[in-house]
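Take a look at the following structure, please.
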């Protein structure tokens, strides 16, 4: 029987970090080769503040460069600029003219009065409108990228059913108001052989692996039957075998009309034993169900 | 056997409102936690008039703010503004200059005549073009979001087949001219235990749960055989058990080239007994089939 | 057994036109009800020339309206306009100023010299930039809409296999250079009862209903075995029963990274009997396969 | 049994080139018929430098044309243009005015002073903003098109398992940092009959044809059991039968939230015999797995 490898690798020269971080990234670096940096991917996945900083920096650097180019042609070629008052004032005058050209404001109290500045300002105007065309695409790309903001409980728990059967549980909620449909979950166990550092994988079947709608919280349950790869393991084993519970989620986002994915994992010190989750929603007086996202992580000891 | 829960919850402290409203939203509120308000999602799903109002308000507020900033620098720094005629005229002059900068019209009869106004107008020009870049993305996002406008009959009916078998029926039509392909339906029954308020769910199998094309109306039929969870229930039971017929639709939209989804539900007072639907389409003289959307809801008493 | 209805309807008061036209549309009209005209859908699916005409008309009408508004405020409020030379010249001057504002060119030789024209030109500048934001989205929406341009052979044919088995065949090719992947076909037969005008449907199984790639032509073949709903029918039956061969195609477009769909149908007078298709591709001297789209329709009599 | 044809054709008049090139294109030409050139497809799939060249050329040609149109109306109609200094200076003045209009900069030191130039500049301003609307869409379309940059090992190898079973292997890695999910592979063997040039196809089953995640390299393995169509064939047979190993990959791109596809093939002289792949990743001291894309192609002789 071919062993299950979800693509994370089986044979390693030493012990690896966890496979999947809480933000869904992998602990993998890429070196050498024709490794393509995709600027679009980078620009639409970076955080907002760095992105805005980059836009402002790009805008400033480009206009400063054009300002120096106008100065090098001589400010006499930009009629309307006041008589020179030293290089700082000249630079500012050229910079303001450059920005008025780049943004296509073009008041015209300063204007290109020679072929040199006429040509340069034509190039700058083209660069400017294309830059904003690009910025339009980037802003739209950033906003419209469907991303699932699924909150996972901080810990997974080992709980116990009414009939005494132990089970692994964790809980998720949607941080956003968008509606996720046909949400599917797959849970894979990663086990590391302490002697060889080899990693093996096994599917952990779930009591229910799909829900039609996801307006509330969802508790995912794997029963630790005799067949489960977790059967008979205690907390010390979880640490010794470097167990990692890898979760893959997939659903349809009704706002973006596209599939969204999410990933997470729990390792040994993120698992609580003999606990159960406290319900995280109540029915308000008006009959509406209130989900309290603060309570997503709340557990209590089993009796 | 694991019970069916479509993700709407099973145990509640009191009776809940209907699970799904007629517009497809859920009767769920979210509180606490790292709940993310996604401004893009909000801006592309809101109605058109509030959206236009927001755009105009945002444009006005921002330009008023810039106008005050220009005034605070002194209108002497904006050559071309007529000699002051009181604060209202000054404000209007500054506001018009601001708007001409923000929209990059830049007539130039008024222009930035100092470093202060030069800098401020540069910032405003950048803010302006980026704002319209954003507006472009939002407008496109609003328009291009694939949404199914599926009209459901106002009521579901309990009808009777020729052989006497009772059946649950409701009818749908596409309000738009776009063509929906491979439309699939799933119908789930929600039942509430009057004693415990616990909710249980059961699938209601359909006579036909998929159609290839959806140019006409589609009547969905669940036969109430002895196996049906509706078997033996009368109108009083529907109310007592707080029955809710939950419908999930999924299809491919040939205009937007994307899957679209729709949801709806019927509760006890939206169900008519011993009725049948009157056909809602006729063949015109030119051989073209005419669907009359007004007749979608028409039913008549069974003989 | 539930009969197959692909969603086109079974019971009709009179004989209908063909279900599906050659352009993939249905012969259905919609009347009454909350029928939603979706302007976006209309604007991105209309032909290019009407679309460009609409854009130019919209631009012209809006600017003419603004021109009259400026005139009603008095051209004295637009300094820079030459002394009046009659209403036509006044109209043109106001129109040119309007367009310069709407497109945010704003030369400034004419400029708003009063609060009235200042306010009006501010509104027009905002309307202008938002209009072009909208136009940007529409142009992108038109271009980026994935559409399959699949060419169907003008006729389907009834051919005969080497072992004498008759078969229904038609042939398709991709008119574009984009690569279609995992192309799937489904063929449904529509039969009309001449007495009642009731329509029944049956699936026509294909020898091969999926291909991985679609760089060449694809001949779709339904064997008319004893089980086939076409078994034993001759040309007169095809006409009498108003047979319609309905084809649904679905594939993945590698350029647009989205699924695309196509539809078509053949009716009795588009079917040739006892013919076979002539191969429509040859290997050129450089080893490259040349598809000749002109030959897609070529058939020859069976021996 | 219907033979497998992935859509690449079975009967040919002479020997064809390889079916699929290393860039995923097919060796097929299209002639005649209503063959649609789709300009959008062409503009978003062409390389960046030709694209930028086209934009600059288009911008230049259009503005030169408008410049000549202004000249033909007479530069007297463009007040602000300096007294004529010969045709070259006149041309430049008209060109700069044209560009200022096209990009909507509109300084206004030159402005349309007649109805003729007023009309022409109005048309140009509209053409200009629509052109940049189009450019916005094209730039976004180019950037946002999801493409898989999957690096294939330069050669496939015939290796040998520990138990002596020979196997066909090749290896892939993701050149980008985006995360591919649920990557599926399908491998088809193309065999050409040296006598008839007829091509037949057979599926080559893989040891594992799907991986959940693709952060590392993936070695795809087809065991050459007695059932394999490769069983008993040596290097000379590979050449004689013109074998081509055709690979189709499909996965979900987590950045673009869309499915991506890739194709490639190996022919006889791209297959190494009795080799094995050297592992291309190591665990760094910080526990992070380092993939070295340079080593993707490294093989060593079997012992």
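Should a chain be cited, it is by its letter among A, B, C and D, assigned in written order, with residues numbered from 1 in that chain.
In the analysis below, a residue touches a chain if its C-beta (ideal position, glycine included) is under 8 Å from a C-beta of that chain, and two chains touch if they have at least 3 such contacts.
Keep in mind that this is a model prediction, so the values were computed, not measured.
**Q** How many degrees of rotation bring the Cα atoms of subunit C onto the matching Cα atoms of subunit D, given to the nearest 5?
**A** Going from subunit C to subunit D via C-alpha fit gives 90 degrees.
**Q** Looking only at residue numbers at the subunit A/subunit B interface, is the share used by both copies over half or under half? Answer same or different.
**A** Mostly different residues: under half of the interface numbers shared.
**Q** Quick one: which chain's Cα centre is the longest way from subunit A's?
**A** C
**Q** If you average the CA atoms of subunit B and of subunit C, how far apart do the two points sit, in angstrom?
**A** The mean C-alpha positions of subunit B and subunit C differ by 26 Å.
**Q** At least two partner chains per residue is the criterion; list those residues in subunit A.
**A** Residues 100, 104-108, 136, 140, 256, 258 of subunit A each touch two or more of the other chains.
**Q** What's the contact topology between the chains, one of line, ring, star, complete, other?
**A** Topology of touching chains reads as complete, every chain touching all others.
**Q** What residues of subunit B sit close enough to touch subunit D in their complex?
**A** Contact set of subunit B toward subunit D: 104, 106-108, 136.
**Q** Mind listing the subunit D positions that touch subunit C in their complex?
**A** Going through subunit D, the ones touching subunit C are 2, 5-9, 11-17, 24-38, 40-41, 44-45, 79, 100-101, 104-108, 110-113, 115, 118-119, 121-122, 125-126, 128-130, 133-134, 136-138, 140-141, 145-147, 186, 188, 248, 256, 258-261.
**Q** Please give the residue numbers of subunit C that touch subunit D in the complex, ascending.
**A** 55-56, 59, 89, 92-93, 95-96, 99-100, 103-109, 132, 135-136, 139-140, 143-144, 149, 151, 173, 175-179, 181, 183, 207-208, 211-216, 218, 252, 254-258, 279, 281-284, 286-296
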